[in-house]
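Both complexes below contain chain A, partnered by chain B and then by chain C.
So, the complex of A and B:
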């Protein structure tokens, strides 16, 4: 006798009530903005303005994440000036890579989630460099400007210098943001996260050490390359 | 936390600019933003800066305006330093002076100055708009021209949540410090994000139930506590802004002689003074950043 087998339903954001989505999105945007403000206040060499984007992109889907990204920079431009506005593109791209990456299975294992965050950093940097160089002349007052000047002094051109400094900051930022988002998602109600396969969140200190190691290794590689090319 | 937040918020007042409805002001700010990103002509950008400063002065927002500019100005100046030694311009570049190991290029000075003007002009207009407009009035106006209610609601709730999250972060960081844990740096900031977000999620659940009970998703006209009425004066300002932006944009796109990058010349002395000043500001910025990082 054939028995009906339970079929695992694919998770979609449409299963979550609109009122919940409408209430979650502002929290994510506010977290992005406040995260960025704390980062500026403490002069941390990161951005910390995409944690909310990551949470929403993974839980609700890439396009809700993109909305969070776009609105973060729109509202951010009202709070900290219009320099933020063009960087909405980076926030949107980050949301799409996180959202689709997790849905395509890149978030199942610890190492693949780590790689996904590095991929986010790479695509976000690719989008950020033209904005930095052609709209703001390579500087927006971030800690990375110091590294840009250092790479310029080594004889690199502006585009390569901005990319080199931005990818270093972005790697550290997106790895940390991705794992903080993971810890937040674990703390969300089970009804919101069922069907999403993610690795178990580990202590953030371990992530900090690994991210620091990767950034340091890449920094050394970039400096050696710059010195050889210069 | 307080030091982190630029003091950009509405400055209550009764000036001519305060009395203009939000939409015409938004249109002017967007127009300036588009023109700023479309041209590198120093005269056009300079004219917008002068107009912006004039609007700031008649709005009586100088005190708050100067505080914000005091923070943003050094950031904008960094572009002059970076551009002067590595212009974001197609080669060949014309060297005009030597400053230690760095060669200063004609195109770099032009590029740095115009990028500085670009950021300055759009920031001034954005500041005037934000400091003379009540956020709720802006959202009511946007809804009237077809902005979806859901987006409008998200924007309003976000603006209300930001100070709440700031307070909660400060509380969590203080609690960590009082228990002998780290109060600054990654070790303190990253773990504090989880309880703050989870606390906010609890608020979200309550808000979600509240929205359901008030039939949030229902169709029909939504009402607002605040009401914005556009007068004839507002429509005139809006049309003038639209025409001025469109004509200037058309002029920029058609008239190739507005590119002065190869024709405008800077004396070596002026260039060196400019770059040294920008470099000093840049170094000060680096020293402050590094000292803060070392402290954390």
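So, the complex of A and C:
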């Protein structure tokens, strides 16, 4: 009797109803694609194509997130051009860092969740730079290309220029995406998110923390835009 | 009345991630050719394909290591 209880608890926390997966994965892919399209249409200094990846990686697990990332860029490459497909690598890395990061306790506090988003930005940029440089010669038509050109004009080499511009845009994007994902997760039914170690706060405090994170992401995006304009 | 809910766990998630990687491998050659056909691309399709496959291979190895190291016998 004493040994049966913990086993039952562990099983219930690690097993998710299939309906959650069937409901969440397609919606997350759609969210990523719509976010990416809005970003492209408005020429924003972000990417916005990883919000759904973040939600699924945190709620369902890192490898479900990897599936969402892979399918997002695969479907995106049919919709908006083949350039999207190689960047599936970045989406998968983001899913793994978010998913494992939260499971290793980086999501317990708001400040550690903020650091986790910065870590996601770093690893995603690390993966994106070789793709930008060796595949596309440093430019794909994104907002960050103008910053890359500015860094090149300052005398930096191509790899440093691409990394510098990408990390700035990626920081704004992942902080924004991470906190929007957190807001979506908070709105999901409690049964879907039980067992996930996320920041514990209630009411106004929770709203303020999440809004603060989103505003910070937007502020970095604005600073990036201002730097570019200057 | 006692309706059993079908559940999935870490094992299925890992499998789904590997399927996602497989789908990318599946469409990669044709997409790389399309990328190579773009006006501003100067790289050779073979170099692009090799580079992308090398990066994706890292994920495949990582997924394989997770299969070996994770405890998948929860059921």
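One rule holds for everything that comes next: the second predicted complex is superposed on the first by the 184 of 230 C-alpha atoms of A that agree within 3 Å, B and C clash if a C-alpha of one lies under 4 Å from a C-alpha of the other, contacts with A are read in each partner's own complex, and residues count from 1 in each chain.
Just so it is clear, a residue touches a chain if its C-beta (ideal position, glycine included) is under 8 Å from a C-beta of that chain, and two chains touch if they have at least 3 such contacts.
These numbers were taken from a predicted model, which means no experiment stands behind them.
With the two structures aligned on chain A, chain B clashes with chain C. By the touch criterion defined above, A:221 lies against neither chain B nor chain C after alignment on the C-alpha atoms of chain A.
Once the two complexes are laid over each other on the shared chain, residue contacts for A:34 go to chain B alone; chain C is not touched. Touch criterion met: A:146 reaches chain B, while chain C stays clear of it. Residue contacts after overlaying the shared chain place A:89 against chain C, while chain B stays out of touching range. Number of chain A residues touched is higher for B, counting chain B against chain C. When the two complexes are overlaid on their common chain A, residue A:77 makes contact with chain B and with chain C alike. Touch criterion met: A:137 reaches chain B and chain C at once. Of the two partner chains, chain B is the only one touched by A:23; chain C is not. Once the two complexes are overlaid on the shared chain, A:127 sits against chain C while remaining clear of chain B.
In the superposed model, A:210 makes contact with neither chain B nor chain C. The superposed model places chain C right into chain B at 111-119; the other stretches listed in 93-101, 111-119 or 201-209 stay free of clashes. The interface of chain A with chain B overlaps its interface with chain C at residues 17-19, 71, 77, 81-83, 85, 134-137, 139. By the touch criterion given at the top, residues 5-10, 12-21, 23-24, 27-28, 31-32, 34-35, 38, 40-43, 47-48, 51-52, 55-56, 59, 62-63, 66, 74-75 of chain C touch chain A in their complex.
Touching chain C in their complex are the following residues of chain A: 10-11, 14-19, 21, 60-71, 73-74, 77, 81-83, 85-86, 88-89, 92, 96, 127, 130-131, 134-137, 139. Taken in their complex, chain A has these residues touching chain B: 17-20, 22-27, 29-31, 33-35, 37-46, 48, 51-52, 55, 71, 75, 77-83, 85, 133-141, 143, 145-146, 148-149, 152-153, 157-159, 161, 176, 180, 183-184, 187-189, 204-205, 208.
Per the touch definition, chain B reaches chain A in the complex via residues 1, 3-6, 8, 33, 37, 68, 72, 74-76, 78-83, 85-88, 101-102, 111-112, 115-116, 118-119, 122-123, 126-127, 130, 135, 150-151, 153-155, 157-159, 161-162, 164-166, 169, 184-187, 189-191, 193-194, 196-198, 200-201, 203-205, 207-208, 211-212, 216-217, 282, 285-286, 288-290, 292-293, 296.
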